[in-house]
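Naming follows writing order (A, B, C and D), and every chain is counted from residue 1.
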Amino acid sequence: MFENETQEPVDFTIQQLGPRKIASPYKAYQYVSDDQRTLYHTLTGPSSESLAHDPAAASYGFELAGPREKIYFDPSKIRCGIVTCGGLCPGLNNVIRAIVLQLYHHYGVRNIYGFQYGFEGLVPRYGHEALILDHERVKHIHQRGGSILASSRGPQSPEEMVDALERLNIQVLFCIGGDGTLRGALKLCSQIQTRNLKIGVIGVPKTIDNDIPYTSRTFGFETAYAIAAAAIRGAHVEATGARNGIGLLKLMGRHAGFIAANAVLASRDANFVLVPEVPFELGGENGFLPHLYRRLEDRKHAVVVVAEGAGQDLIQSEEGGGATDASGNIRLKDIGVFLRDKISEYLKAMGMEFTLKYIEPSYLIRSAPPQANDALFAGILGQMAAHAAMAGKTAMFVGYWNNQFTYVPIAAAVSRTKRLDPRGNFWESVIECTGQPRMMVNSPELLKSDRGSR
Amino acid sequence: MFENETQEPVDFTIQQLGPRKIASPYKAYQYVSDDQRTLYHTLTGPSSESLAHDPAAASYGFELAGPREKIYFDPSKIRCGIVTCGGLCPGLNNVIRAIVLQLYHHYGVRNIYGFQYGFEGLVPRYGHEALILDHERVKHIHQRGGSILASSRGPQSPEEMVDALERLNIQVLFCIGGDGTLRGALKLCSQIQTRNLKIGVIGVPKTIDNDIPYTSRTFGFETAYAIAAAAIRGAHVEATGARNGIGLLKLMGRHAGFIAANAVLASRDANFVLVPEVPFELGGENGFLPHLYRRLEDRKHAVVVVAEGAGQDLIQSEEGGGATDASGNIRLKDIGVFLRDKISEYLKAMGMEFTLKYIEPSYLIRSAPPQANDALFAGILGQMAAHAAMAGKTAMFVGYWNNQFTYVPIAAAVSRTKRLDPRGNFWESVIECTGQPRMMVNSPELLKSDRGSR
Amino acid sequence: MFENETQEPVDFTIQQLGPRKIASPYKAYQYVSDDQRTLYHTLTGPSSESLAHDPAAASYGFELAGPREKIYFDPSKIRCGIVTCGGLCPGLNNVIRAIVLQLYHHYGVRNIYGFQYGFEGLVPRYGHEALILDHERVKHIHQRGGSILASSRGPQSPEEMVDALERLNIQVLFCIGGDGTLRGALKLCSQIQTRNLKIGVIGVPKTIDNDIPYTSRTFGFETAYAIAAAAIRGAHVEATGARNGIGLLKLMGRHAGFIAANAVLASRDANFVLVPEVPFELGGENGFLPHLYRRLEDRKHAVVVVAEGAGQDLIQSEEGGGATDASGNIRLKDIGVFLRDKISEYLKAMGMEFTLKYIEPSYLIRSAPPQANDALFAGILGQMAAHAAMAGKTAMFVGYWNNQFTYVPIAAAVSRTKRLDPRGNFWESVIECTGQPRMMVNSPELLKSDRGSR
Amino acid sequence: MFENETQEPVDFTIQQLGPRKIASPYKAYQYVSDDQRTLYHTLTGPSSESLAHDPAAASYGFELAGPREKIYFDPSKIRCGIVTCGGLCPGLNNVIRAIVLQLYHHYGVRNIYGFQYGFEGLVPRYGHEALILDHERVKHIHQRGGSILASSRGPQSPEEMVDALERLNIQVLFCIGGDGTLRGALKLCSQIQTRNLKIGVIGVPKTIDNDIPYTSRTFGFETAYAIAAAAIRGAHVEATGARNGIGLLKLMGRHAGFIAANAVLASRDANFVLVPEVPFELGGENGFLPHLYRRLEDRKHAVVVVAEGAGQDLIQSEEGGGATDASGNIRLKDIGVFLRDKISEYLKAMGMEFTLKYIEPSYLIRSAPPQANDALFAGILGQMAAHAAMAGKTAMFVGYWNNQFTYVPIAAAVSRTKRLDPRGNFWESVIECTGQPRMMVNSPELLKSDRGSR
C-alpha cells in the first residue's frame, strides 16, 4: 500500500502546545482521552506479517479524534484562521463551514478569519484581505463546489507567514490542503517553535486522489470517482455508438490510480484501466495496443480509462524529461493525448476503421459540490479539527482509520505516499471487472508476476 | 434567423405515396386532416414585415402532425426500418422506442427492423445484421443515452441502399439524423421515385445544435444546454477558486451558437460568450483579449464560453484552410485550444499572473440520456413519425412550430440553415446576462452596429 | 383549453402610468415598441374556427415584452419592491435575482426592497423587516430552491398595503404569485388608482400547475414534471418489484392535469393517469377499478398517476363538501388516500393478493431548485418584468406565447382558467402512451365521446 | 452498538460442504486462505474493554473473502439459483449482475437461474417461471433500481423449497435479503442437512437500514441516506419558505436510526432528529414539543427528521398494540402522522400560527438505482459471494469489516441486531450538528444521562 522507500521511523504521538487546564464548554456525553487509539494493523493469519510493514504505526495505532474534557485555549480570547491550498476538491466549503460552526456554537469562539488564495493570504505583499467567517457567511456554502476562500499553489515564506499570524494574533491556523500544503504546515510549525510561540497548526488532508498515507479516506475522493463513473458511462455510450468505437477517458491520479480503479468498479463499463502503479507496454504481443485491437475485433467497441500518472515512462522515453509546477509537483506529460495518438497510429497501421472519442472531465469533477457521503465526511473532519485545535494539539491532521476519526502527526503523512497494491484484493476485483490481462508487458520477468493471464 | 442565402422557393406541401384507402386501426378522438396548419409567421406590427422573409412558408404554414383517419399501408403487411445517423444526441433511443411501440401497439405492425451503424446498415458489404425491434427489445431503452442501433457518419450509395430496401421488402424507412442524413434521405427518395417504388422515407431531425430550419426545436438540444449550464457552473467555481482565474469552456455549435447562448442564460455565471454568428477580434482596444484583461483586473475572475464554430476566421487566417469529415462537414479548427493559447500569451505579455482551466464537455453532453422534457419531446416525435408513415407520407420530417407538431418537406430543411439572430431579443437577453460588449471589434463600420456598448 | 365560462371581454391593451419621457439608460440594439405583437391564434384550416374562442385576444394578440426606448421612471430616484406569495415553486429566486440585477446593472436603480412572507410583508402589524436586495445578497440564490423572501397565503388589506407603499415611497411593486396573488395585485391597482398614485404593479405569474391562461408556460412547471417523471420511474420500480404490484403516485394539479400528463409522457412508465378534466368512475364494467384489476391479471403490475384535483366528485359524494384554505382555494379532499383505500378494498373483495405503494412527492417537487430550462425562463421573465416596470406599465404580467415574451393585462389572467383539453392532440398522445381507455365511465352518453376505446 | 440481549455464543467458523479438490479456474495473483482474518475489535486504551462485548467474535475475527485456490464445485456441472427477498433496496440488480458475470466469465458456470418473487419462486403452486440469467440478460441492469427478479415478503416452507432445489438440481442458492430472509436461509440449510444434500446457501445481506450485525455496511444504505439528505434539503426550503414553517420528514429505520442520523449529518439542515434508540417525551418542560416551540419562536422555522421506529412507546400508549406483516415484522404505528398531528395540536393550543409540511420519501429512496459507491460495493459483494459459493462454503453471508470483505456465519447475523449507540462518538456528531438537547425527557433518572444539555 505504501511506496517502498526506506523511511525514518515516525513518532505517532501528537504534539501538544501545553497543558490543558480549561474545562471544555463543549458538553460531551463521553470525552475522548489521548490514549484511546485504534489499531494500525487489523489482519491476522498467514501473510499478514508481511503486511505489517510499519512497525512504528503498528505499535502505536492512531489517537482517536473527538472532544477533550480539558482544553488549552480560552474560547473567549482565541483567534483562529483558515486557509485552503492547492487544487480544488469537493467538500472544501463543508470543512470550512463545519470548523466555523463548531468553534462558534459549541466553543463560543467569536474571531475566525478566512485567509484568501491559500498561503498567499498570509503574505502582505499580495494584498488579499482576510474574510470574517461567521454563521451568516457560511450557512449556505456547503451546497457549493470550490472554496469560498479560493486557493493557490506553491509555498510561501514561513517567516512571513508567522509574522502575519503574530501580527494578527492568530492562535490556531487550520490548513486544508494536500501533500505540499502539509509540508508547508510543518515548516510553519518549525518557525513557530523557533520563535517559541504557542500557535497550533491543524491540518485537514485534501487529496482528491486519496494518496495521503495513514488515513484510509480523504474528502472529495468519493465524489470524484462517482462523477468519473458517470463519465465512464458516457465513454461507454460513445464507444458502443460507433463501429470500432473507442471511449478514452483520462482521470486524475498523479501517482495513485484510486480514482480510476474505483470509478471502473462503480461503473463496470470499462475494458481497460491504466494506472501509475501497474507498468504497461504499448506494443509487442502482450502490449496494450494489440490487446485493444483484439478486443475491437471481438466486440466492436472498447472503453479505456487512464489515470494521468500512468505510463509516464513511455512518454518520457519518447519526449524527454518534465518540469515542475508551482507546488513543486512534477508536471506530468499528458498520457491521454499520448495514448489517443498512439492508438490512432496503431489502428490505422493495422488497417482498422475506428472512431475514438477522448474525454477529460477532471475540472468538472474537482469543481463539483460534494455528494452526500463526502459532505457528511467533510463535515465531521471539520468538527474533529475544531476539537483538536481547542485542545491545543498541533502539527497534526485529522485522519480516518477503521471507521474512526483519528489524529495523526503531519510528519507521518509526508514521510511516504499511498499507492494501489497491484497484488492486493482490491486490484484483483478491478481486473476481474474489466477483464483485462493482469500485466500488459512482454518481458518474461514482468510476466512471471502475472500468474493469471486470461 | 436564417442565413442570408438566396434560395429556390420551397413547396411546403407534403408528398404522398398514394391515395389513403384503409381505415386507420388507430382510434383517435379527433383525426387530423392534411389541411390543418399552423402559421409560419406570428408577429404583427412595425418591423414584423421585414421578418416575414420566407414567402413560401408564410403563405402555406406547416401541416399539423397527428393520426389520419385513412391510412395508406396495410399494418398487417408492412415492414418498417429504422436507422440512426451522425453524431450521438440525447433522445435517440426515445425516438426509436416511441416509433416501435406506436407502430406495434396502435397500428398492429409486427415487422420492424433496426439497421445498425447508420446508413452502413443498409449496405451489405459492411455485414451489419439488422436487429428485430419489439416491445421486449425497446422497453427499457428510453433511460439510456446513445442509440441501440449505433451510428456512422457519411453517405452511402442510394442505389445500394434502395437495393437493400427492396430485397428486405421494407415499405417505410425512418431516418433519424441531421442535415447530412436528411440530404441522404432525399437522395434515397429520388432513387425510390426513379424505380417507381412505394417506399416512404420519414425523417426525424437530430441536431444537438438546434440549427435545422422550420422547426423551432430538436430533441436533445435542451438536455445539451442543461448539462452545458452545469459545466459553466464548474468553470465558474474554477475561475473563482484562483487569483485571476479563468474558466474557458468549449461547447458544441458548429454554425449556430444556440447551445452556448442557452447554457449561458440558464447558468448566469458566464462573462463572455463567443458564437459563430457574432464576429470578434482578439486584439485592439475593443478586442476580446483587452476586455478579458480588464474584467480580470476588475473582478479577479472570468468565465468564457466559446462555441466550436466561433472565430474560425481568426484561426484560418493564422493556420490556413480546413479539411472535411466523413459527413462532408468542414473540419473546424479547434477554437478552444486556440483561445487558450492566445489568452495565455496575452496575459503573460501583460505581466498578469493567472490560472486558466480549459474544459471541453462535449462528449459527456452528447452521450447523456435525455432529461425529462427532451424525453417527452422525443417520444411524441416518434409517435408523430409513425402516424406520418402509416398515412403514406414521404420525403418529410416531423417538426415543431407554435407548440404544435408539424410535418415539413425535407427539401425545406436542407435549403437553408438556422442561426442565432445577433440583432434579436434573445441575443439581447444573453449579453444583458453576461455584461459583455455587443461587438468586440475595432473597425468603425462593425462598431456602428453596436449601438449600446457598455 | 379554457373553462367554458361566459366571460366579460377583456381589453388586452396594457395600462400605462403616464407618458414616457426619459431616454432609457438601457442600450438595446433594437427597442421594442408597444404595438409589436404576436398573434393569439395560430391555427388555420378546418376546425380551427371553433378554436378561436376568444375574440378579444384574437383581434389584439399580445404585446411583445422587451426594453422600450423611452421610460417613465427616473432610475436614479425610483424605489422598487418585490414580494413572493402563495406556494413555493422552483425558480422564485431566479426571478428575484434577475429583476434585481437587471434594475441594478442595466438601469442603475439603487433601492430595491424585498418584502418578506408575501403580502404580510407590507402590513406593519406582522413586523416583518424588508430586506435590502443588491448584487451581494442575490448573487448565489439562483441555485437554491424556495424563495429568499419566504411567502404566505391569503390576501391582506389593499388599503394597508398601499399605505405601506406610500410610506416607503415605493414606485413599483413586483408581485410574483399565482391566481390569488394576481387578484390581490388587481385590488392593489384599484386602491392605487383611487388614491391617484403613480405606482406600478408588475406581475410574474407563478403556478407550478401551469394553469394561468394567456401564457403558454409558467416557471417551475417543467422542473415539476421532470421530478414527477423521476418519481413515476420509482413507482414503476416498486410496481414491478412485487407480485401484483401497484405504484400509486399523487401529483399536484388542483384544477388542471398538466403536471401529471407531462410527467407521464416524459417517463412513459405509467398505465393510468387521472386528471381533473376527465371524469371517471370507480366501479361498473368500464370503471377504473375493473380496468386496473384486468391490467394486473394481465401484466402483474400497474402504475397509477393521479392529480390532486381528479375525481373530487367521487369523494364529495361519499364524504360531503369541502372547506377553503387561506388563499380562498377550495380544500381538496385527498384523492390519493381515497384511491389507495378504494383499490385495496376492491382487490381484496376480488380475492387478489397485491402490494400497493403510495407515493406523494409534492413538497419535494415544489422545493427543488429549477432545472436549466426553468432557470433560463425565470431569468428572462425577471428581465422582462424590469423592462415593463421602468416603462411605467402597470396592472400587467409577463407572459409567453409563440416563443415570445409578452405583456398581458392581469385582468385577462384572472378572467378564466386554463385546462387540459381532453379532446386535443396532447391528451391523445398521453393516452396513447398509457394505453388506458379514453373514458372510464359507464353511462352511454359519456361513453359516446370515447370513440376509440381499446 | 448491539442490543443488550443475552445471547448464545456464536461460532464464527464458516461451514464447508466438503473438501475442496478442484483447482480453481479463477487465476488470482494471491489466493485467500480460510485462516486469513480481520480483527473484530480494533480499539485500545481506556474504555475499550467495555466495548469488546462479544468474546466469540473478538477471539476469532472474520474470515477474509476472496478466491480460494481449490474449489468444491465443478464449474462445468454446477447449476446456481438467485433469489431476492423482502423490501426493495438500491443495488439489488448490481449484486445479481456481479454474481452472474463472475460465475460466467471467471468460473465458466453456464447454468444460472433467477427465481422470481422471492422465496415464492421456489414454490411450484405460485407458478412463477425461473429466468435464465446470462450476459445478455444482465448487462444493463446495474443502472436500474429495484430487482429484475422482483421480490416478496414472508417465509415459505423449507421442505417445498428444498424439493424444488433438488428437482431443479441446483447446487448453490444465493439469497439476497434481510434479517427474515437470512433466518429463512438458515432453515433451508437445516433442511438440506437433514436430507444430507450438498447444496450451498450463500447470503448477501440486504438492509437499507444497515442494522444487520457483524458487517459495518450493507449495500443501498449510502444511497438511501444520500437521497434522504436531499429530501431534508427540501424540507428545509419548505420550512424557511413560510412563517413558523416546519418541515417534518419521516425516514426509514424500524429499529435503528442510521439512515436518519447519516442523512442529517450529510445535509446539516435539520434541527431535530428522532430515532428508535433515543427515547423522548412530547410534553413537559424538556419534552420535544416545547423545544420545537422555542426553536420556532427563536428562528421562525424548524426541520424535524423522524425515523419510522422512533417514539413507538408514545403511540402504543395512546393507540394500543400493533400487528405484524408477512415477514413477521411488527407493523409500526405511523410516527410521522402521529407527530404531525401532535405538533399541530400543540402549536394551535399555544396560539402560534405555523405551516407544517409533512414529507415521506421512503419509496422514492428504496426504488432508486444505487449511487456510485453503492454500485461499487454491491458489485464486489456479488463477486465475493460467487467465490464463496464455488469454494463450497455455506450458511454464510458476505460482510464488510475494517475495509475488508468477509465471510460470516448467518447464525451470527440473526443472533442480535445492530443499533446506534446513543453514547458514542457518531451520535455525538449528530446532535452537535442539529443542536438539539441530548435527551428530551423529563424524569430525573433519564436526564442524568444527559450530561451536556444545551
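Note that in this section contacts are C-beta pairs under 8 Å (C-beta built on N, C-alpha and C of every residue); 3 or more make two chains touch, one makes a residue touch a chain.
All of these numbers come straight from a predicted model, not from anything done at the bench.
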{"item": "Set of chains adjacent to chain A and to chain B", "value": "C, D"}
{"item": "Chain separated most widely from chain B, comparing mean CA positions", "value": "D"}
{"item": "Centroid spacing, where centroids are CA-atom means, of chain A and chain D in whole angstrom", "value": "30"}
{"item": "Separation of chain A from chain C, taking each centre as the mean of its C-alpha atoms, in whole Å", "value": "47"}
{"item": "Multi-chain contact sites of chain C, meaning residues that touch two or more partners", "value": "143-144, 233"}
{"item": "Residue ranges of chain A in contact with chain D within the complex", "value": "26-30, 32-33, 35-39, 42-48, 61, 64, 66-67, 97-98, 102, 105-106, 142-143, 216, 222, 225-226, 229-230, 233, 262-263, 265-268, 371-373, 375-376, 379-380, 383, 402-405, 422-425, 428-429, 432-433, 435, 438, 449-454"}
{"item": "Residue ranges of chain D touching chain C (in the complex, touch as defined)", "value": "88, 117, 120, 126, 144-147, 150-152, 231, 233-235, 237-238, 240-243, 245, 247, 357-361, 363-364, 366-368"}
{"item": "Residue ranges of chain B touching chain D (in the complex, touch as defined)", "value": "140, 143-144"}
